[in-house]
Amino acid sequence: MSGNTFGSLFTVTTFGESHGPAIGCIVDGCPPGLELSIEDIQPDLDRRRPGTSRHVTQRQEPDTVEILSGVYEGKTTGTPIALMIRNQDQRSKDYGNIVETFRPGHADFAYWHKYGIRDPRGGGRSSARLTAPVVAAAAIAKKWLFQKFGTTFNGAMTQLGEIAIPFESWAHTSENPFFAATSDAALIARLEDFMDQLRRVGDSIGARIDVVANNVPVGLGEPIYDKLDAEIAYAMMGINAVKGVEIGAGFASISQRGSEHGDEITSTGFLTNNSGGILGGISTGQEIRVSMAIKPTSSIRVPKQSIDKQGNSVMVETFGRHDPCVGIRATPIAEAMLALVLMDHVLRHRAQCGDVSVA
Amino acid sequence: MSGNTFGSLFTVTTFGESHGPAIGCIVDGCPPGLELSIEDIQPDLDRRRPGTSRHVTQRQEPDTVEILSGVYEGKTTGTPIALMIRNQDQRSKDYGNIVETFRPGHADFAYWHKYGIRDPRGGGRSSARLTAPVVAAAAIAKKWLFQKFGTTFNGAMTQLGEIAIPFESWAHTSENPFFAATSDAALIARLEDFMDQLRRVGDSIGARIDVVANNVPVGLGEPIYDKLDAEIAYAMMGINAVKGVEIGAGFASISQRGSEHGDEITSTGFLTNNSGGILGGISTGQEIRVSMAIKPTSSIRVPKQSIDKQGNSVMVETFGRHDPCVGIRATPIAEAMLALVLMDHVLRHRAQCGDVSVA
Amino acid sequence: MSGNTFGSLFTVTTFGESHGPAIGCIVDGCPPGLELSIEDIQPDLDRRRPGTSRHVTQRQEPDTVEILSGVYEGKTTGTPIALMIRNQDQRSKDYGNIVETFRPGHADFAYWHKYGIRDPRGGGRSSARLTAPVVAAAAIAKKWLFQKFGTTFNGAMTQLGEIAIPFESWAHTSENPFFAATSDAALIARLEDFMDQLRRVGDSIGARIDVVANNVPVGLGEPIYDKLDAEIAYAMMGINAVKGVEIGAGFASISQRGSEHGDEITSTGFLTNNSGGILGGISTGQEIRVSMAIKPTSSIRVPKQSIDKQGNSVMVETFGRHDPCVGIRATPIAEAMLALVLMDHVLRHRAQCGDVSVA
Amino acid sequence: MSGNTFGSLFTVTTFGESHGPAIGCIVDGCPPGLELSIEDIQPDLDRRRPGTSRHVTQRQEPDTVEILSGVYEGKTTGTPIALMIRNQDQRSKDYGNIVETFRPGHADFAYWHKYGIRDPRGGGRSSARLTAPVVAAAAIAKKWLFQKFGTTFNGAMTQLGEIAIPFESWAHTSENPFFAATSDAALIARLEDFMDQLRRVGDSIGARIDVVANNVPVGLGEPIYDKLDAEIAYAMMGINAVKGVEIGAGFASISQRGSEHGDEITSTGFLTNNSGGILGGISTGQEIRVSMAIKPTSSIRVPKQSIDKQGNSVMVETFGRHDPCVGIRATPIAEAMLALVLMDHVLRHRAQCGDVSVA
């Protein structure tokens, strides 16, 4: 109830702070008999790891995961799978100046007022570092969903600040440091220049991330409150720095007529996908399409007005190691969250309605 | 787990179908000692009632609520409060033509594939009629929150199709059939003309709704997954026809710099509200601002390609009584959902951290 | 979280008070496609109905159930099934003398201290009348379990006060007013005399109830906390007036050796059933055996010392209509609770492990 | 939903197997600001540690706990507290002979049928070793409850096989290896002889454990299903090997009259405690009294009939290190479970009704 568990039947309960001894999670509800080893999990962790280019935080964390339970002779047993990652590169002194003050746009202020106590080292629990255990957990879900249904997940950055990034192919997202689905070298160079310039002035920038699931079983989602799109919105809005979520046509739906929006169906399938693969909160078997807005990082060197714990006015400049665009590393995280939502709903569907299948 | 309960500590479990004998809900977790009568609930139901103007469905439902339990001598006792509304104006024959076919953009298709059975009368459980019990339940939450913290909720339509509706004052939302926060008679006339024209051609249109809460306690929201904004996104995306949700600056954050986005703080409060009143998933005490996109109604007279249950191609035209813009009646529903989220998080906060207060 | 929902995947959320306008429940998570009508539910309600013999409360309630939702053309649709029973024979004046005082052994005292307010009419929410909706809900679970696995539920009173009631056959439980599994007319007469005598002196008595499930699927129960036996204990101890629960050998296990207790297995099955059909918290496919102790009714005419709301000493005698042995009507309730636990665990098992079967 | 989380607001999610690399848990929902260090937890772990006398398993485990998160500068922060204990003395070869066969009375059979896969090393997840993380978690709850209300927990073995152990004083439970509340040296010697004899013949024995809480706040427990006694029954029956649970007068209630059972109240308190401190499922402020039956260990050297995975008849003798009476180490575990139940219900009460206090 304290919000540290994601999911209802395939659950991920996380722990840890940015600069504590370790971070990790317990994955519960995994079907037994799935072949599982560290090799299934580490590649996803490596994709969201810090320090992989000059455009993300320079903190060096190998993010090596240890499986503490739930696997016997290379297979899941149906009991909880505990995953642990030791923190390695804690440099808490970097954060000395933020212990007593609140960064504008940062969780500092709200944590302090909620709990009356706050671990300020690296943002404590509010750090995006806490997305690592979820990415690890989702790797398990992704493997199971792929084996069972062929479900795949892909994400890309489709806008950085004002710069739109046209979609070409998922294949390109691993060829540049932005998860951009483009092979346009000039565009990538422009993105790099833009980021370099921002870093020089100590500022940060927002981004748009799109994420898609294919080969999704039909019938996932509970019809009233736990609609599949509602749970996706919950999952995505829960990622650090997300300020908006769209499914399918999203905000463009506002100016559509019903005659345009409703996706026509033929005996071979749907003709369009304004719905984003979800109708009445339930998956239709079409591609699921989600888009989200990520705000600029709040920890910046540009000085801003704020207050300290006593309420006195102060100017805050944040030094230390930060992502100038948290949107960059958000792509694998968004894929992970989408996988967790689908996994959970497959199990929920099995409980009430029996087995599921792809259309 | 079947998705018919909203909330975790202040819970609303709903039942009913559009054309069944009754709809209603059980509200559980309400603090004892709150003065409560039908007069506290009926006004909110009346605001979202069908048949109040020519721009909404002409189904005639008085939506008279009955309190079946949980209140003794005019006060809540802490036990479940059951609310029931008898359906009155079921004309199931209107829907005869949709029993065997799937309306493009409608939940028909997904329900059928999920359950293998579907109550087609008025959309069955997928009908927006099922928002009535939630509005009734939220009236209880709103009363308690207002008494305890002075919290208020307001919503308005801010765009209808391509027509933007500039905000003037909440006072005006009750003066026109659109929940438009404007006194501009010419603009209202333009909206009316637009709707009349749509109705003539049997088409429908999308809308944008904004909803706001004031006097919100500080510290609401759980920091990792059950972030306050994540739960609001879940609540709003769960409303029928919603395709996008924004908190604060929303999608505009994408092109903001951190130096612009982060709301500066002075000893007298925040200078801006890009955060929408939520930082790190926790309320800051500022106004909470949410915006959402509502797609056009899928039940339209314009013929569209679809299939029947056997997969044969058919043309579908939907007659019967429908809202040509479901966005119109969505305003009181969005206010209700926001109230339920805040109520739940006040109780969750009390559990772990003790009492809460407005900043 | 306020404790009015039973189950996790097949959930029953109840509402109502003894003397309010209605009692009922919402059953959520029922698999779609089950044929269901009032005829499936009413017989179970009739078995636990008040007023059926002189040995139970004389309150006259037909307990006619109405299905408000979730069934279309005689089949469940997978959406919530709301059940409602209107209260008919409220005679609140009977309870006038208990408004200001606390009955020794009764929930009065605790409710008052918990909520600061209490509906005293007929015990309000603490009345055993609130077991009616659960019995109705369980009838649905029983039908589904029987159709799917042939699972059956039987209960009997096996002790009334000091009088042991040897088990002969379930067939006899419907032949006497005690749910005694005996055809021994002399024993029944002795029980009747005993009850008549108690009623004359205005006192009450405890009882032991045994309940059994047959054709139980193997593998039900979650291994650490939600063990099948743990959930059965929770279900049974939650029935009004239950003070003790045993599974299988129960308290007799204390003086058993391991060499005696452990049920030997052969290729044709288990040789004994000390386990009560559950090992390590998981069903083995054997008969599930539960036994419970029910305390004597607290509402008696015999005067006892107590206090009023102001803490002043008073003598309390309770008039009105009460069961002199709540254990009598507890038998169908205990069967119902066992059915609900098994139903819930079948769905939980399906979610994680896929389909289940009887050994 | 897979049963590895205990509690609803103060939750303990455990992981690990008897012979895996580590066991542990995540404690979520702990109020912020509690001073907490390993010194608060280790003593409780030491009380239930194996290898402390010749009457328990000789496995040598220091059970040294590591706090991985949730504590900053010696105080809880309100975020999840992860606790980990590395397993040290895994001798899996001891269990070689049970990989292919099912021990009579053991979870082996049920796990195999539930999951189709089973970690047989030391019983895997079904081992009583998994009570260690819960004892650690409960130490946190106990500290908080003691600081806030002065609540204390005590347990004792009150029967070993046929030998009753009369209660003298809690002080004596730490003076003998049985948690016997007696200073009677002759009785202790008799218990020792009895255990030595059992060990010689390779058999095991059951026991009765009583556990008590004092200074319990009034008003804990939810009135219908999550009754305080129902949740205690769930907690206790969930402890390995428990087969029966009683609250207050328990099974003795069967032959009590209402005039005897109902605890009379005077202006200075209750005169008796047949209720065990709970009425209508809600705490009265009296001492809470629970008693439970623990079956004899199923892993014994005495040969018994069983089958192997293929269903062939085999004789099973279990060698290796086992507790000949699991009841001995159950005392601190039962205290821990009671503490967790009360802690959870304090938070639940605070959510709905605001703060609580001792009568």
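In order of appearance the chains are A, B, C and D, and numbering begins at 1 in each one.
In the analysis below, a residue touches a chain if its C-beta (ideal position, glycine included) is under 8 Å from a C-beta of that chain, and two chains touch if they have at least 3 such contacts.
Remember, it's a predicted structure, so these values are computed and weren't measured experimentally.
Keeping to the contact definition above, tell me which chains border both chain A and chain B.
A chain counts here if it touches both chain A and chain B, which gives C, D.
Would you mind working out whether chain C and chain D touch using mostly the same residue numbers, over half shared, or mostly different ones?
Shared-number fraction above one half, so same.
Taking each chain's centre as its mean C-alpha position, how far apart are chain B and chain C in Å?
The mean C-alpha positions of chain B and chain C differ by 39 Å.
Between chain C and chain D, tell me the centre distance in angstrom, where each centre is the average of that chain's C-alpha atoms.
The separation of the two C-alpha centroids amounts to 27 Å.
Roughly how far is chain A from chain C, centre to centre by C-alpha average, rounded to an integer in Å?
46
Of all residues in chain C, which are in touch with two or more distinct other chains?
1-2, 4-5, 8-9, 14, 29, 32, 78-79, 114-116, 125, 223, 348, 351-353
Could you pull out which chain C residues touch chain B in their complex?
1-2, 4-5, 8-9, 11, 13-17, 20-24, 26, 28-29, 32-33, 66, 68-70, 72, 75-82, 84, 114-119, 121, 124-125
What residues of chain D sit close enough to touch chain B in their complex?
Residues of chain D touching chain B: 1, 9, 29-32, 78-79, 223, 347-348, 350-355.
Which residues of chain D touch chain C once you look at their complex with the stated criterion?
Residues of chain D touching chain C: 1-6, 8-9, 14, 102-111, 113-116, 125-126, 130, 159, 161-162, 198, 203-208, 218-227, 229-238, 242-267, 271, 274-276, 278-285, 293-300, 302, 304-307, 311-313, 348-349, 351-353, 359.
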